[in-house]
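In the two assemblies presented below, chain A is common to both, partnered first by chain B and then by chain C.
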Partner chain A sequence: MKLIINDEINNLTVTTITSLLSVLEQPGKGIAVAVNQAIITRQKWDDFQLSENDQVTLFQAIAGG
Partner chain B sequence: MSVLPLNSVLSLPSDELIIADKIFSSRLFTGTGKFSDQKIMAEALIASQSQLVTMALKRIDLANQDDDILKPLIAAGMNLLPNTSGARNAKEAVYAAHLAREALQTNWIKLEIHPDPKYLLPDPIETLIATEQLARDGFHVLPYIHADPVLCKRLEAVGTAAVMPLGAPIGSNKGIRTAEFLEIIIEQSTVPVIVDAGLGAPSHAALAMEMGADAVLVNTAIAVAKDPVAMSRAFALAVQAGRQAYLAGLGAQARTAVASSPLTAFLDL
Partner chain C sequence: MTGLTDQEYMRYSAHLLLEDVGEKGQLALRNAKVVIVGVGGLGAPVALYLAAAGVGHLYLVDDDHVELSNLQRQIIFTQHQIKQTKVDSAKASLTQLNPHVEVTTFAQRLTLEKADNELANMLTQVDLVIDCTDNMPTRQVINKICVTQKIPLIVGAGIRMEGQLISFNAKQADSACYHCLYPFDETAEVHNCSTSGVLGPLVGVIGSLQALEAIKHLTGMPVSSFNRLMRFDGKTLQWQHLSVAKDPQCSVCSSNV
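On to the complex of A and B.
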């Protein structure tokens, strides 16, 4: 499935956010996920079905003042 | 080297600060930016005894993974205060706050909306709009603002948890250039006043506390010091000293000398 992840086109065999994070080797802790600009809360990661051409944005906490 | 809590070293009475749903025994809040490496950052923040540390949010660089900076801070019992740095208006800031809540599982947000990159001065109108929205969304909002007493009252009215007026522009190390207005804010505020930005030396932090600020937030001055860990301790001591001086009640200033010794004429031989 074609997904745009943080502005990069990826072809991945994933269905849910949880499976996407697993494929991307993201631990899930300290990160936030938006699909087509809508924030997906972590309670929905197991169930949320990704679709072709979805724009997925992953955010993480970094150092800052 | 283990560091005893300053209160136990100096035998000070308990003097806790309450903001929203948290109680703080340290009035020094710290930022995590600009440290040369994460090990020094963690050591310095632990040495500061800070219980509230700020962080930012960014898009993950999947090709270049950053280290996990959260682990040592959470292990040290610090509360995380994500910011909305990078937001240029209320809409972006509200979105950033919701992302931060999701990423860090906290309702606390340091609201920063500074569209101008040269001075990073906060936009008061967008900040007020975003504070109102975020308070309605259940956030504890700590907005970074200019030292504007009128804005502070408007923020209180829409449910801000605290106000964070600046001493000088972010990272400038210039100290408290807004003293006259900070005094008015401190006098009038019904929410905690945290002086943020521009504090470049422990003496600046002490001055803010002597003036009656409830807390200060320091990042650059600690992070860029030659020895950030030692500078952290210096700031912690300064904040304690300033707070104690405020509680003790400073003497009034006078234009002329006021003798400290009796001016008797015993040397008139």
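On to the complex of A and C.
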């Protein structure tokens, strides 16, 4: 499936956000995910089905100040 | 409520020229009570701009002392204030900037345990809280208090060359909260400015925007960062806007309707 992850085109065999993070070897610690500019809360990661051409934003929470 | 004095007309003349602020907005600022939690790289510009704008009562919460390494970005402090408490040093600067502003200081860390003290009492009667802290656990505490007390909250964060800004308003039923966005206490690494580094103007940009959003909120303008995470990349100057919806299962705000 073609996904645009942080502005880069990727072809990955994934279904949900959880499976995407696993394929990308992202532990998920301190990580937030947005699909098509909308944050997907953690509780939905197991169920949220990614679709062809989705724009995925993976980023870290930051707490500095 | 008395009107503006001649001195105030002159001091705030640039506000009075703005249709969105005017005398009504200036009086709203004068009547406002705003808490700034964390007087560091973000809290410094927030406190300076809000005092300059004539916010009537500022409450500063921070348990730290001024250190030499703070002066690279925490522009409210000066060399001779090293080792003094941050809140007292900031109060001195703010009072010099604008003697009309009342400043109350709390040289302590914000926790949920101290539920009966002066600080907790103060938090029941303020109009707005601005989160300028440097760690996740305190950010979660601030969020919990703001959800429970239904206080609008403007959150800023900055590290290295990256910044984030988002606002919540627990008075509104559809408001998300910080825990909807980040339902965890950890960050991927130990992310704070002393360990990871940061450019001074980066926290200056985010802090200035927190102050801007605060003034907009207090004068009745719509707050653009409400339920919207604004991510700023200091290297490319690019902004990314991500919407944040209230999580119906959020353990902090789901019962807040």
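Following the convention adopted for this analysis, the second predicted complex is superposed on the first by the 61 of 65 C-alpha atoms of A that agree within 3 Å, B and C clash if a C-alpha of one lies under 4 Å from a C-alpha of the other, contacts with A are read in each partner's own complex, and residues count from 1 in each chain.
The rule we apply is simple: contacts are C-beta pairs under 8 Å (C-beta built on N, C-alpha and C of every residue); 3 or more make two chains touch, one makes a residue touch a chain.
Please read all numbers here as calculations on a predicted model, not as lab measurements.
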Partner chain(s) touched by A:Leu12 [first = chain B, second = chain C, both, neither]: neither
Partner chain(s) touched by A:Ile4 [first = chain B, second = chain C, both, neither]: neither
Partner chain in contact with A:Phe59 - chain B first, chain C second, else both or neither: both
Chain B versus chain C as contact partner of A:Ala38, first or second or both or neither: second
Touched partner set for A:Gly30, first chain B, second chain C, both or neither: both
Touch count on chain A, higher of chain B and chain C: B
Contacts on chain A seen with chain B and repeated with chain C across the two complexes: 29-32, 34, 39, 41-42, 57, 59-65
Contact footprint of chain B on chain A as seen in their complex: 5-6, 8, 24, 26-27, 29-34, 39, 41-42, 57-65
Chain A-touching residues of chain C, taken from the complex the two chains share: 38, 40-43, 131-136, 139, 156-159, 162-164, 180-184, 186-189, 191-193, 196, 198, 203, 229, 231, 240-245, 247, 249-250
Interface residues, chain A side, partner chain C - complex: 29-32, 34, 37-39, 41-43, 57, 59-65
Residue ranges of chain B in contact with chain A within the complex: 31-35, 38, 41, 54-62, 66, 68-70, 80, 82-83, 85, 95, 98-100, 102-104, 170-171, 217, 219-220
